[in-house]
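Presented sequentially are two complexes of chain A, the first with chain B as partner and the second with chain C.
This part shows the complex of A and B:
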């Protein structure tokens, strides 16, 4: 009985220690305890950053004025312009949350950004039925000051002898300041710049929005629910830990996953056909890019050639390497759940067209393939920019279906203007607003990539 | 006096023993009742003051400050209702208890007869304030803010304790009434200079003086709304009150020792006002404007003329009400948008027209528009400073200009402009918030009519 009393009297977490064991846990690991304690005291001294007793540097801050979901080129561009347009340094707190950190290694003390811009021009080929659209496009581009010209098939054959002009009715070629650049170095450079401007970049997945909603009635009498996002819950990878970030504005630049993020905010939850029930029609689509080597190929003068049927290729580097791909048709859409490359796709779909256009590509050897996601806008393949009419503090900068990189600086500025000034100032992007999904007005562009 | 202190103390059992539904109603209603009681007892008609007992004495200087303390408790409770409602009931009661303890400590602080009692209570008020800032503040930076607040004040107050003890041992008593009658002349020796510094530094840091003002923006920004209100309205004035009380025993050294501090205040006024022009965080702007106004008070107390003391007392009360009002307005903003940055919330006039009225009145009193009591304070101080030295008019004039600039800048940035798309669907102004603003504006407007209540003891 005595033993039982004693056993019960011990700490509740140790029911069966018995009488022979000593409570020696306190003095074991003494050095670690002392150094722990010293660290805590050091944190407390004035001048040091006294945060929580444990290390929380990987968690995003608890409050941020703007939270940008998605740290890709569009998200970073919006962050850049927000910081550039603030009236004094440190005015707006911007937080960029990016899900996948493994690819984007931090570059410290890197030299100046060299975009490796190759001004070799873009050659767009058009068949008979698309010739008129191409001509009007070129006219519009020339009006804006772009130096492009229209080439007839004979001139095309003279200029680029390696090309086979069968089926080509018209071509457009950029003569100055047109070409391609290294997207990776742009991304890295932008990331560094944005960090130096004071934007916080954190890794995590947005799992939840804490919102509040109110029933309101539109002028036409339709009942809508206006929603406001108060907090963004950012979950850390490989862990259940999350950090709620209080925010004023959320910018959805999540690329291929923008549709899922929008659903988290309650966009699209309603009867289809109403404004309430209009979803954000952006979904991930997998696209392949292939790199091949062909010594007999077109050579150093190759522009970026966009063929009639959707195949494109361009020169990559100076060693007779070429890079290209093709957009699959609706029926052949590859499965977007993973980034596995289907090697047959190149053999069956891309190579025949390549050979037809450039006969010297018959002897090419594929060096590597990779796959990536387009943030594909299923409605009209054009981007969504600006606020959502019902979730009042969510802004979109997504859905460009593969053209996000080209448009990123302009879109970033447009969204920053919308957030800070309330309207588009430099370029009027109102055709790109979300409302067109509800109204059914497609913003079509003649594009083939 | 007991009829004010005992009810304030009994508010504590009231919070803990009320049922959870009734806590807020009970405490707010009873603190309003204490208000009416205190107003009846505290309005002074003569310059001799009310000698209430052997320990408590209220003269016209203390009465306005005590009235401000008692007026502010229900206002703090009204302001905190929203952000504290997510906490557990136990935490809510704890928060209310902190506010009540603070009031109960502040009332005797302003009415203490003995300087030693004043000192003890002065230090004691630090503890509930520290708890409020570090426990219920919003950001992680609140911990460093609390640290700065605590240690800046303590560094000044320990020398004050030693100085008070030494004066006690040489004079025999620290009774404020007796001290005015004593002939304690400090001659010009090194130890007396250090004694002067020791007495004054604690209050300079509390005011705050420009060189040691670093704790104030941190503490004000990180504190919850009730913390900001009590800090801005009352705790800063502890410094001014202390300086006024202690200046009777520090003659004639003040004439020579005050120079550096007057220079620092005058220069600091302009510096902090200019910082306000560059601020993007709304609470930070109001915090720096507090530093700027209090610098005027320090300069006024240092030159020790009847008019300057009148101006200092008037400005203390007026600034207390105005700063508290502006913090409440900034808080209504923060509760809706979850951001303190000014440019994220623009064009509020279209969304909240009635609140825009209070923003307007608050900004106008902040820039000392006639005939508000802020103007009375600032004008009396500028005139007496001018008579002390002609050159000060340039600095004070520049400050008045820059104050007007940043007040209007704050008004225009938040109220005018286009409403950004993320500002639709904000909750309209609650009646509670409007009542809160009205309760700030009412004393400000009514005192305009009869400002002799706030003019202090040299009227």
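This part shows the complex of A and C:
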């Protein structure tokens, strides 16, 4: 009793409504639920067969207000902001479903998350062709308050003697608050925080949506079919068991697999050229990252260097190790069905450009490689944020083609605002809505690494 | 009783005018910090939402106190200029300031300092000693307009971290002496941004607990700043040998 009184005082928002029922109105299959409940009560009575249900704590809950498909950085960010912006503690139940779950032992009362931020800046190089784009980009960034500056090739040579300025017309360098950080620690820290806020994290695969649809008429008299998702069926890994989760809102943050999840909801099933027939153009693309060792390489002051042709590298740790890679062109796209690394890719496509830009990289030795998926947006390489016009309770937070990590906090907040308040409040993300695929308006992103 | 002592251990305390690091979940990042001894308050907050809410509130108060100390002074800046504003900021925090051709101005034990520097016109600040002050990223904005600053000492500042070091490039033209000894949040990643300070002649990076390899870091920093004398590791103490080394 005491605790409730204290909580009324300390937490913001309306006080607990107590025993008032949470939902009213339309419930799917009410009669079957009532007969189910009657059967359970019957087996508890003395004299009947004990058929109480077994332990199902490994299954996700039967109901949840918001189901987030995809437990990557974007999904967790949306979960974080939903919980942060809720009106009273425990007001919104959030469930995050992730397919691939590498368990990490949580540390109780762990120290503050150390992101290992390296504020060494990013150095973007541009040739004659791209110099004008770079200049206008830098101007726009400076207007927003970013501390970047343009450097000429001579100044570049003075600052970084190990660089070869052939072919460079202009460079942009971040002086302050720019660099790289450890994505894994951000991910783990966000997971811990989100779990402490009461979000449920479960492992499973979303195999089916139970939806209902109805015909509606737009203001101009056209007939449209609006859909609503009522249940998400989550299948457990390595078994046929599945749990139907009733939900109010579904958020598609499934990264490279967002396209498949969208198809399950019926997005894109229609005549091509219509809004029903517009698919979510996000598909998985494989990208390699290489780690190499070069004892005579650039020193401690090395920024993240992004070369003209898409090759990038940065310093890793203190032991003359460097990390880098390159985005292949459309023709050379590797097969995304597996995560096998093609070692010739580095030899033929990445190394020549590295040596040309930094001659001391001639003596490098590759230590390891790995591959990962980009949630590549084939339309304009920029993300999709916000609700779908026809499936009314599905929201997207995907398609950032490799830039999802840096945008995650902002996107999470935008989607949470959209879900809780119906519109974008802090930053207007309406250019990122799904409608642009139907209308054909591209929001082109040029600097894909 | 244990509870009041646990409360005492909770917040940032100011002993002799110097700020201590904020306790609680915000502990200094050390490479090999093992589980710290739990206080009664930490134990209670694990089990009761109310105690947790109270603890969060108190920590929030601490953080806002630090932010208040690091506020900017727009009126003073307009009236007296950036040098006097910077000096006032440092003196209020408990540090010492030296104007060009004048003596060091320090606050006494009760935090009072002489205010004659308010009458100085166009006299630049030459040296700042901010040892043990609660200066943080926001507060650095008061120091950065001091274009003739030659010596800056940030020893044992608990809130100076890598982000703050990335702002020091604005003092590159004049800064000749910098000391970061004993700062618990500075790591080698922040030291990498010091390459902008080409006029630096003395750099002290000793006793930085967050730097993982102090010897190697010192060598790399020396390579990065060829004209600068770097003080860090005590080379007279040989490498640590294991007991059963043949």
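Basically, the second predicted complex is superposed on the first by the 380 of 449 C-alpha atoms of A that agree within 3 Å, B and C clash if a C-alpha of one lies under 4 Å from a C-alpha of the other, contacts with A are read in each partner's own complex, and residues count from 1 in each chain.
By definition in this document, a contact is a pair of C-beta atoms (placed from the backbone, for glycine too) under 8 Å apart; a residue touches a chain by one contact, two chains touch by 3 or more.
The structure displayed is predicted, hence computed values, not measured ones.
Trainee: Identify the partner contact of A:118: answer first if only chain B is touched, second if only chain C is, both if each is, neither if none is.
Mentor: Second partner only.
Trainee: Is chain A touched at more residues by chain B or by chain C?
Mentor: Comparing touch counts on chain A for chain B and chain C gives B.
Trainee: Go through the superposed model and pick first if A:300 touches only chain B, second if only chain C, both, or neither.
Mentor: second
Trainee: Tell me the contact category for A:214 with respect to chain B and chain C: first, second, both or neither.
Mentor: In the superposition, A:214 touches chain B alone.
Trainee: For A:339, using the defined touch cut-off, is the partner it touches chain B, chain C, both, or neither? Pick first, second, both or neither.
Mentor: A:339 contacts neither chain B nor chain C.
Trainee: I'd like to know which partner A:230 touches here: chain B for first, chain C for second, both or neither.
Mentor: first
Trainee: With both complexes overlaid on chain A, does A:247 touch chain B (first), chain C (second), both or neither?
Mentor: In the superposed model, A:247 contacts chain B only, not chain C.
Trainee: Examine A:439 and indicate which partner it touches, taking first as chain B and second as chain C; both and neither are also allowed.
Mentor: A:439: touches no partner chain.
Trainee: Using the superposition described at the top, list the residues of chain A that contact chain B and also contact chain C.
Mentor: In chain A, nothing is touched by chain B and also by chain C.
Trainee: Given the complex with chain A, which residues does chain B contribute to the contact?
Mentor: So the residues of chain B in touch with chain A come to 138-140, 143-144, 147-148, 151, 278, 280, 337-339, 341, 343-347, 417-426.
Trainee: In the complex formed with chain A, which residues of chain C make contact?
Mentor: Within the complex, chain C contacts chain A at residues 25-27, 29, 33, 38, 42, 46, 48-50, 53-54, 57, 162-163, 165-167, 169, 188-193, 195-196, 212-213, 216-217, 220-221, 223-224.
Trainee: Taking the touch rule as given, give the residues of chain A at its contact with chain C in the complex, in rising order.
Mentor: 3, 6-7, 10-11, 108-109, 111-112, 114, 116-121, 175-177, 179, 299-301, 315, 318-319
Trainee: Provide the residue numbers of chain A that touch chain B in the complex, in ascending order.
Mentor: Per the stated touch rule, the residues are 44, 46, 49-52, 61-63, 65-66, 86-88, 90-93, 214, 216, 226-228, 230-231, 246-249, 386-387, 392-393, 395, 418-423.
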